[in-house]
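Going in written order, the chains are labelled A, B, C and D, and every chain counts its residues from 1.
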Amino acid sequence: MAKMKAAIFLEPGRIILGEKPVPEPGPLDALIRITTTTICGTDIHILKGEYPVESGLTIGHEPVGIIEKLGSSVQGFKEGQRVIAGAITPCGHSNACQCGAWSQDGPGTRHGFKPLGGWRFGNTIDGAQAEFLLVPDAMANLAAVPDSLTDEQVLMCPDIMSTGFSGAESGHVRIGDTVAIFAQGPIGLCATAGAKLSGATTIITVDGIASRLDISRRLGASHVINFRETDPVAAIMRVTEGRGVDVAIEALGTQATFQAALEVLRPGGTLSSLGVYSGDLTIPLGPFGAGLKDLKIITTLCPGGKERMRRMMEVISSGRADLKPLVTHRYKLDEIETAYDLFAHQRDGVLKVAITP
Amino acid sequence: MAKMKAAIFLEPGRIILGEKPVPEPGPLDALIRITTTTICGTDIHILKGEYPVESGLTIGHEPVGIIEKLGSSVQGFKEGQRVIAGAITPCGHSNACQCGAWSQDGPGTRHGFKPLGGWRFGNTIDGAQAEFLLVPDAMANLAAVPDSLTDEQVLMCPDIMSTGFSGAESGHVRIGDTVAIFAQGPIGLCATAGAKLSGATTIITVDGIASRLDISRRLGASHVINFRETDPVAAIMRVTEGRGVDVAIEALGTQATFQAALEVLRPGGTLSSLGVYSGDLTIPLGPFGAGLKDLKIITTLCPGGKERMRRMMEVISSGRADLKPLVTHRYKLDEIETAYDLFAHQRDGVLKVAITP
Amino acid sequence: MAKMKAAIFLEPGRIILGEKPVPEPGPLDALIRITTTTICGTDIHILKGEYPVESGLTIGHEPVGIIEKLGSSVQGFKEGQRVIAGAITPCGHSNACQCGAWSQDGPGTRHGFKPLGGWRFGNTIDGAQAEFLLVPDAMANLAAVPDSLTDEQVLMCPDIMSTGFSGAESGHVRIGDTVAIFAQGPIGLCATAGAKLSGATTIITVDGIASRLDISRRLGASHVINFRETDPVAAIMRVTEGRGVDVAIEALGTQATFQAALEVLRPGGTLSSLGVYSGDLTIPLGPFGAGLKDLKIITTLCPGGKERMRRMMEVISSGRADLKPLVTHRYKLDEIETAYDLFAHQRDGVLKVAITP
Amino acid sequence: MAKMKAAIFLEPGRIILGEKPVPEPGPLDALIRITTTTICGTDIHILKGEYPVESGLTIGHEPVGIIEKLGSSVQGFKEGQRVIAGAITPCGHSNACQCGAWSQDGPGTRHGFKPLGGWRFGNTIDGAQAEFLLVPDAMANLAAVPDSLTDEQVLMCPDIMSTGFSGAESGHVRIGDTVAIFAQGPIGLCATAGAKLSGATTIITVDGIASRLDISRRLGASHVINFRETDPVAAIMRVTEGRGVDVAIEALGTQATFQAALEVLRPGGTLSSLGVYSGDLTIPLGPFGAGLKDLKIITTLCPGGKERMRRMMEVISSGRADLKPLVTHRYKLDEIETAYDLFAHQRDGVLKVAITP
């Protein structure tokens, strides 16, 4: 049996480069030879043991690659095609998918729902930080990459871009809206680009790292706030002359950013939450208007599926959003432990690393 | 100057029947002679000092009456007409109204928004528990009552029914949905009726008072749970065979009901919150799926305006919902202090009291 | 190879009971032993040659049956289960499905869309008027029937009920709406039930057959109009006192009903079209407000998929709609030519016939 | 009584510069001294007698000006402020407004609806091509112009821009969509800008004038088609590789453009119609999929109101759309008959003319 290299989670604190057999596709799967992948903030949660996965699992959920072998029932694709697959791989036939909750997919469950069930790569099945990847429900999840786009150009599509954009989409940002985005890491930056694409005319971004705020401006921010220098809630209320924002996007996953997002909302506004939280959240009574302020709090897990991937690639190829600045570092798969070290410690201004086997 | 009787808030613990001048309508106002009104749970919050209003204010926001006098600029109505007005009286011309946030109306403010600004009766202006009531922005807020309907039949329209129904509407209840409703006081009961009208096929209601659960069944509940006998979360998961509900409606305003509502949601479900909370809320990490469960939390303040009132009365006159069982007691305005005492202590199975001047 | 009986289209005017081999399921299919099925108005279009299908095709798209054999890749079901499948059988993995256009499914096409592509049974593959039926993409389309429901109770779910209800759903009927429904054949009657379930308070139905109008009342109509006795447009404008209706549902497929539906709409209203038209349509300038009346015309093809079927069966089992009166006649499969003759000529007050192999 | 100059419709073919008394504001009105206005294609329909208005009416519905005098009940504005008002001036308190159909406003009618009722300027009351203009329901309709914007920069907001943008908004254009826009006159050009602002990634525009197609590219078109050289339907199907577009916007008002828009739609797509039609329309059976293609046809009349105007001005001041190229000619009010002549005959590459009293 052929062997391949893979980034394997062993125990909290240890993701190592190991060896595994190259998997064999079942009837509905596709085997992808990975050409480029990356590390996500969620992988760091896994590394630290904050998000538990099984020991021995291959990590990673952002694949770009070449179809090596198709399952016997897979139609509409051919071997040798360059493809991506979303971080979330819905089956398309569960009750959850048919209810529109594609990311909460539970094909094997009694009622067809499973919390976070669409997130399989590097969570419940082996992931993309390897030489080969098995894509389940390949017909729903493989998306052909146009020749005109490089691997790095589409590397953000599977997760960061789809998630970030959904912050604006779930918040129903519309023409003329004022939007605040809390945190300008990779997801927050994509949320900024998504808010711009959705017609927001005032886009206020908040972060503590100046270089991120610079990129934020290039992606659409009209006002940037460094929270190390300025109180963001007060600053946003100043920018909006006391009105507040139509939509606040939380892109970090902390009580502080969640609460600030709530505090800057105008009555009737929407808090669109993207962050992965690690503890209970508090909704403060005042900003919540005691429940009478017609507020909405909407959480979104990265939308997946091939149509989503096609749309994300359309955005890139049309030049409507330029996410190249997000890839700041490049490593070979052999060096992935070094890459994890850099990324986990947020050294050297890292945003995203491109990993090539 | 003519005088009238009115239920006046003096200080926490004291709402008394006093005397005030009959007000004179400004150009956009209408003066209504109240024929029937009622006491709301919110009025009890005011009585207890939990929701602060100015001393000397007339309480009450649920008017049925006869137009006594129209402001000089009011068109489309005539004196002597029987009308209701919603508890919330939006002006119709603020930026909030034009954004669809009719209840967060701020006509006199810089940006046109004011938290809870549409709630004026018995909050920021004199209310309906009196012989006469001044209705602001009368053209937006007066709704003619069909002759075929009695005062008592339309008495729930201004607040309880509009609020309760909005629980189902804001939750986007649709055909075939499973819905849970926490608390079956007047608002929760109306939420039950609203869920039925919206096409829910499984409606599970929770309360601790058997007589309320009985009415709940008549209004649409397919399953009722007495939380004094059964753990409601466990019971709802049993009824739904582990799936959870599409929409959970919170109709009380406590941490316990809010949290239970969150716990019974299926992934991708909606928590529609109607309650008036009196402290910070906690969102527990697990039921919240760490922010990755595609959940929505939507709060709604009673929708007002004459079109809303017209629709509520259409529901009554079409026989699609029978809310008569909600009026359990009747008092003269002269006896309103007794009525408050009964209502505040929830004695004698009281749901709503009809007050007639 | 085992043989089975089937209703086969030969040429315009001829659907005969013939014999075919029992099909063998592919990996994603399920073979169903039909226990009850029915004839649809669309089948009569096929019979008459108005809707072309290939000679030799088995007709019918409304199956109730028992799983005889599952394809090798099908999970989540077991042989011997009683199931239904929708008239429309989306694959779940096409770009159309992932865009929400489940009925315009084109899994084998370049871009994933195909007009009417989800309608396969009795259109592009063999249908349900036979002893056995092959269900494609079985995991997306098989829906288990609760033991408490008879075959006849769920016989309307695959098409008539799902289509009729979608008339109200696509029209976004909401609480307090006034709705008119043109034609009260099986689909129109289900649209009436759907409008009621969606909260309409005034439901005006139009047909030329008194017995249908009687059933219409039982399913939710508040006003019925026999167009042979009364001009329906004038009558609807009378009932609504000149206002017009919020939503008009077209359930026949003719210029006359389409135009009448447009004429009774209030400004800003929605025409929800269910009919299968057989010629070009004219939009008259006046009722269309020269394009300035904020009107919507929305067409819907029967929604399918197992979650849709589950919801339809929930409506039946909850008692929220009683469609039993729709099954007026019963035949054995051996007598299907007689059944077609009765149904095509609309004799004996026929609404739907139950066919049992 | 003071006199003012005004462009007055006398009879088909004759709009002349005449004299009228300066009007006196009623309690809810504002009197505006016009500083800049323009001529709309609809005014040409009026000039030609294709859209009937009363003889003696002042024409024009696109005002920029200074508040001269406020009605006695108007609050929130002050004399001397520079403002615009939308072409459509909803009252804010009719049932139509409260149903969301702001442009179909019927405040004086029995049920609160009137077809096109929100369009009052130059249609049912005196319009903006004059030295002074009476703005009805001033509190709902006056929008303060930021100092940073010139009259010409906001001149498109009252009609052209609001209408054009609504083509994308009513069509629910979203990120990654392919959109076709038929006709690139002022409204079509704004629809192009609106589609870009809404996230469309492929924008295909069609016109017969090369200079308009040039501007179209600058406003967002990725592909332009000159229908004098190329068959637009065939060309669009080529560009989309046979898929068709998600949204087609009709911005002219002819059978040819309406039909082409329908023909290029993918199944499940939306035809968003902005044109003013002058005759019955035909929906061809084939492109309509016999009513089974899940298509939507949505018409929109220019959205008005002060919040809409605020949002349009936000778009301009944020630099998200540059509509300066649309103002091609400038005239004094005294020269308005010359301006009408130029505009009516579409001479000299005219798009919009700025008229200054």
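As a working rule, a residue touches a chain if its C-beta (ideal position, glycine included) is under 8 Å from a C-beta of that chain, and two chains touch if they have at least 3 such contacts.
Everything numeric in this text was worked out from a predicted model, so none of it was measured.
Touch-path distance (fewest steps) from subunit B to subunit D is 1. Residue-number overlap of contact pairs with B-D passes half for only one option from A-B, A-D or A-C: A-C. With centres taken as mean Cα positions, subunit C sits 39 Å from subunit B. Looking at subunit C, residues 99-100, 310 sit in touch with two or more other chains. Remark: subunit C residues 26-28, 72-73, 75-76, 91-93, 95, 97-100, 102, 107-108, 112, 137, 139-140, 305-308, 310 touch subunit A in the complex.
Residues 165, 169, 174-176, 194, 197-199, 201-202, 222, 310-312, 314-315, 317-318, 320 of subunit A touch subunit D in their complex. By the touch criterion given at the top, residues 51, 96, 99-101, 103-104, 110-111, 113-117, 119, 240-244, 253, 266-268, 273-285, 288-301 of subunit A touch subunit B in their complex.
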